[in-house]
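By letter and in written order, the chains are A, B, C and D; residue numbering begins at 1 in each of them.
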Amino acid sequence: MINNLAERAVTHYSGIRTFTEELVQPLEIEDFIVQSTSDVSPPKWHMAHTTWFFERFVLKPFKESYQEFHPHFDYLFNSYYETIGTFHPRYKRGVLARPTIEEVYTYRKHVDENIVELLENLDDSLLEEVKDLLEIGLHHEQQHQELLLTDIKYNFFQNPLKPLYTQLKETAKEQTLMIFKEFQGGLVEIGYQGGEFSFDNEHPRHKVWLEPYKLASRLVTNGEYLAFMKDGGYEKPQYWLSDGWAAVKNYGWTSPLYWKEDEQEWTQFTLSGEKPLNLEEPVCHVSFYEADAYARWAGKRLPTEAEWEYAAEGVAIEGNFVETQHFHPLSADLEAKGLLCKMYGDVWEWTSSAYGPYPGSKPMEGALGEYNAKFMCNQMVLRGGSCATPSSHIRATYRNFFQPEKRWQFSGIRLAED
Amino acid sequence: MINNLAERAVTHYSGIRTFTEELVQPLEIEDFIVQSTSDVSPPKWHMAHTTWFFERFVLKPFKESYQEFHPHFDYLFNSYYETIGTFHPRYKRGVLARPTIEEVYTYRKHVDENIVELLENLDDSLLEEVKDLLEIGLHHEQQHQELLLTDIKYNFFQNPLKPLYTQLKETAKEQTLMIFKEFQGGLVEIGYQGGEFSFDNEHPRHKVWLEPYKLASRLVTNGEYLAFMKDGGYEKPQYWLSDGWAAVKNYGWTSPLYWKEDEQEWTQFTLSGEKPLNLEEPVCHVSFYEADAYARWAGKRLPTEAEWEYAAEGVAIEGNFVETQHFHPLSADLEAKGLLCKMYGDVWEWTSSAYGPYPGSKPMEGALGEYNAKFMCNQMVLRGGSCATPSSHIRATYRNFFQPEKRWQFSGIRLAED
Amino acid sequence: MINNLAERAVTHYSGIRTFTEELVQPLEIEDFIVQSTSDVSPPKWHMAHTTWFFERFVLKPFKESYQEFHPHFDYLFNSYYETIGTFHPRYKRGVLARPTIEEVYTYRKHVDENIVELLENLDDSLLEEVKDLLEIGLHHEQQHQELLLTDIKYNFFQNPLKPLYTQLKETAKEQTLMIFKEFQGGLVEIGYQGGEFSFDNEHPRHKVWLEPYKLASRLVTNGEYLAFMKDGGYEKPQYWLSDGWAAVKNYGWTSPLYWKEDEQEWTQFTLSGEKPLNLEEPVCHVSFYEADAYARWAGKRLPTEAEWEYAAEGVAIEGNFVETQHFHPLSADLEAKGLLCKMYGDVWEWTSSAYGPYPGSKPMEGALGEYNAKFMCNQMVLRGGSCATPSSHIRATYRNFFQPEKRWQFSGIRLAED
Amino acid sequence: MINNLAERAVTHYSGIRTFTEELVQPLEIEDFIVQSTSDVSPPKWHMAHTTWFFERFVLKPFKESYQEFHPHFDYLFNSYYETIGTFHPRYKRGVLARPTIEEVYTYRKHVDENIVELLENLDDSLLEEVKDLLEIGLHHEQQHQELLLTDIKYNFFQNPLKPLYTQLKETAKEQTLMIFKEFQGGLVEIGYQGGEFSFDNEHPRHKVWLEPYKLASRLVTNGEYLAFMKDGGYEKPQYWLSDGWAAVKNYGWTSPLYWKEDEQEWTQFTLSGEKPLNLEEPVCHVSFYEADAYARWAGKRLPTEAEWEYAAEGVAIEGNFVETQHFHPLSADLEAKGLLCKMYGDVWEWTSSAYGPYPGSKPMEGALGEYNAKFMCNQMVLRGGSCATPSSHIRATYRNFFQPEKRWQFSGIRLAED
């Protein structure tokens, strides 16, 4: 007989695992193989790697009778856990025609069945530890659900045939006025506190002193960003950090990623193809450098992650997440509840904070200590989730992070000022 | 009613087109997409590009009613014909998940049917011209049949799972003694002369003065090459051209491509997987630099292409071609007929001749003038065909060419001396 | 008649300008030209660029009669001020044989004379503004005095002849025990406050909450760092940030810069040549990545810049600065006064803080706003000055910053713990 | 008492050695150090390397009492002789501030005195061998005299101050009509034969069959090349070899090296500064790719090296060599003697021949075997010498060679046709 806890765990596990497979339904077999730049991974790789995560961190240590699915998969599907062993180089993931997709589905099934079996027969003494690891694995899988979408988008964009992932209805709401909500600051606390899941990098909850600040009521729109461009934003070094200006020159940036100008009309590539640029939608696929330059041009600045989190704590976690199946940011609702609109969903919001450890923080033990901690250099924090994030994955204290020049995530801009 | 000439042309055309599809039978859909280095192309690309060749150079100019299959295919499947228009960059062919394989098969069928229709209804006045272009297209397809095999081999090798293309029987004949056959030389002629197909780069037949020379009766074997390695061949700069020595250092070469040493046993990756190194087989997958260094170590030299061709003219075109389905060079038969064994098939033989125009040569007219002529710089000539070459594709005057550092073709060594 | 203020300004100005020229006395003309990597600049360039700084920011705007020395020098000797105009690329500074050293000395003299003339005749209403700019220019010159030494050291090291900059006496004091001094933290303040010179990046003084922490009484020594190396420090990824581990692999790091192992004896290249490694001296020329990895190996961490500054505020600014003419860190004095030894001088101390703006900060106006602010990304803060820093240049609030992989500055390690 | 042979040898030796020092008279000490791209070497390096050549190949083996000047110079001034030992990497020659110029002059003096002493006391039995090596060393020095000029020109061009090497008088003769002289060809001989000095790569004299051909009476001019440019020469791929077209794109070529367009006026940088482009002068500083593309555009071709040599054999070796001190090609004299004008001097003439060994050739023995032979791949032959070549250095059989993309030599175009 299965206890209730295990049953709920199985349901939870299966729900998230199944959602991954739903997300790849629109793909052809050929689409699973491509890695069009080293930042993205082939969809097949995401599906196998998330499975490997459960095999390596749950089944191998906790299921005695477990039979490894394939002796090479530790090498092929380890992403970056150096303390586990050598692994296939990231930039060469597109070289791997094999295992086939069918074999990867078999691998997923094999691991899923074993996880269920493990849960149904687990000794109570191990239940807590296994449940915690499963929870990490599922949040890990949700992160890859988002990456699946951003990587498919990038791959499709590289193909002159511009394949469609989905057919989307258009939206064209007008934006509300941008106003700046005041916060008094003072000695506040940030970081996770509570009984649900959270990552090690959100700990410990700790005190931070905040000077009074203001936060914009909504995101910067495409129309506003276009004004920056028309004012020579990409030609005037005074708006840019030194490394940002170098990126403008090196990469030849003249607009956000996925924008294109055709006979003075701007279009934007989306998961439902190339669309006329909607000026009311939040600007998206900008780097930290562009967000920072835009803010300087606008006479504002980006918020720190503490400012963002402190403001977000009271806001309900609602919005345009992956479940809406828009797969694209939406313009703000005129009847937005409250002054801070779209803090969650739509686009990740760049902060001015470099990603680093919280005071007194301790990474997870063992190989999972590599999960977050070793990236705490040369990256900037983003907050709030996007239209590709599962809603159950996000919270006020959640810290996402990317290098300041990356643009293929759904990343946008919320302004702040002193 | 179809005339006999057209009927024969259709049979010839279909035979070669079908053989391409037979060669890819062992592949999974996933295998068609991968480009593991910019030298190789994805199998799908070869299948579409050869089809595009007929569409672009035969159907569009000669079949009035012809409906282009897809408006983007000129961009996607033009390889390098600059005078036709811009094309998808070579190194990014692995980015193209779409069109799917199924669509490429439909494309092939569409073009094939149109070619047959064209042939069956062709005005006599155009027959000759169309037949000539078809002939080029078919020889072009045969070149890509060889590339399909060398590229699949390279892609499979990059995958740690080391997939099999085929299951091959082992062979281990002993080699005959290498002797050097003498040629008197003098004022001889080389270049194509005759009524069958030949490429523009084999023309015109012209006089060349040859000093007396000797040519080895057989190819250099793995065993002989291993002796060079054991004598420090890859560590002693005195055997190497300057650019060759730089290649040794840059690429870290210590053996031919596909060789691996495991606990003092050498293995070789083949289209039927990793095999113990057969010392009696011809050495294969060496660059020009390695062939040249080996020859210098052995106190010999490579033949010029004129020396090779002059010696080959009397030799029957028999041997281990793609039709044997060995897909790998074989050791020489002890009862080899005549003194020059394996001039054709098994491995392409590097010559000491830089690839250049013959005196008085004229490239083909129009875009096809780019087929051969524009590569006449920085490449070395290879002669004789390989185990991946269709036997009907080769002849004594045939000039293959690659950059001196390339190793993924079936390329080997025949020695010469003064 | 010259007023006293102007007289003192002239004396101050001349003193620092003269010291630059003293620092290059040991050089041959040839030494002034070399740029052995793009991080360093040729000594000649430093001498001209610091002069250009006064010409461009003081003489041109404030001395009406001023005659520009050379029309190309704005292009040649502007370092990175984008808003002033285009400039010679940094990595190509070693291409500039001309102007000759002699011409650069003439340039210096020309500017110096004009500055003196300006000061002696300055209208009182402008005095304050000019004095502020001169002060920035002189602190700027002091920064380049340090760079002159670190760049000469790097250039000399690249030459197999290993030239000497100076002859130094050996030192070999024993180190004191490393103990950890406790700080209670709480709501403290950091940032500059006072009437002397400070850079814009030290402002405003602001509140920071500090948890209790401990700071090491002295710097990590060569001997201690060697223990890390012998324990496999450079081979074990678990100690390293992800980008740090990539740097270890890419650059092939196995020790600090300037160390070399000869038959199991370690030597270290210094401005007085190659010396046996003194185990008692502070370890130097390590990157942030190495400092961070060492700290993790030692079970400690690096301090934040706020922790460092709060601890340093009471400490007297004494130590081994450029004026001692050791040009090399010294081992700690056994009779060190107080618990925090060598907070100033000897080596810059890496902190765990990414370089960013203080809350409410404002960069200087105009082109000088580019001086510090535009580098606030991808760099880490260092504190305390080094054996190449002029003592009058440093203070508790001073923020130096470099990319985390840089090693050619005199940079070392002080540990902290919770 | 000195015998006459030795006396003549000393005079010959001193004359050429002294001329090197005359060539660098216009330089400042700073100019001796710069290496503005890896193709060029610092002038100081040329002066030391040519000296090292005599020390290493003459003094060390033949002068028993010889004291090596400096133990590191074998490492620093060996250019590329792998069989002698490791050497300082070519691209890092600009890093070497030391030895100083003064020390290099001392080195030259030391070696020169020893050479004279050797010659004056040489045993008759060794005289021939030593004289041969000296001769190679002197021709080697003459090659570096040319490189000194081309490298100084390139370095000066990289400096925005555009220093002058010399002050030259202008010349503006009108060009004669270009006519094509016919040659019957047949079985001819090329390669050196005779008792004077020649390099190993000119041997042996051997038979070559030449079809009838025509050679242009004079070089292509700037004006003619400009017509090619105005006709879209750099935009039309049909004129270019595949690798040439790639070079146009990669390097952004739109004209020969050293040309610049200012408000529709073309200028050309010369050793006497920037000058208006003289349309009557021979075009210069073009790559093989440009020469080849120009020829194709003009409906002609480049000559083979055999065609060039066969035509040149009757032509007197007169012309604009380094001794004229123009250091720049001159327009042809209207009264040119004979139909083939400027076969020698002015500019090296690109041929269509890849640089390779002559049939039956043998490289020199020992390390000097690396002098020419190991470069026989990926380079094209140039003939005839230039305005930077010493006149005593050149002859009809002389083979110069460079990679097809190089442009910093004085290289130009003579057309041929069938």
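Just so we're on the same page, contacts are C-beta pairs under 8 Å (C-beta built on N, C-alpha and C of every residue); 3 or more make two chains touch, one makes a residue touch a chain.
Keep in mind that what you see is a predicted model, and the values were worked out from it rather than measured.
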- Using each chain's Cα centroid, which is most distant from the centroid of subunit C? B
- Task: Averaging only over C-alpha atoms, locate the centres of subunit B and subunit C and give their separation in whole Å.
- Result: 60
- Message: I'd like to verify one number: the distance from the centre of subunit B to the centre of subunit D, where each centre is the average of its C-alpha atoms, in whole angstrom.
- Response: 38
- Per the C-alpha means, the centres of subunit C and subunit D lie apart by a whole-Å value of 47
- Note on the structure: Among subunit D residues, those touching two or more other chains are none
- Query: Can the chain contact pattern be summarised as a line, a ring, a star, a complete graph, or none of these (other)?
  - Reply: ring
- Query: Which two-chain combinations touch?
  - Reply: A-B, A-C, B-D, C-D
- Taking the complex as given, what residues does subunit B use to touch subunit A? 28-34, 36, 44, 72, 75-76, 88, 92, 94-101, 155, 158-161, 163
- Query: Taking the complex as given, what residues does subunit C use to touch subunit A?
  - Reply: 80, 82-83, 187, 206-211, 237-238, 240-245, 288-289, 292, 304, 352-354, 356-357, 359-360, 369-370, 374-378, 380, 404, 418
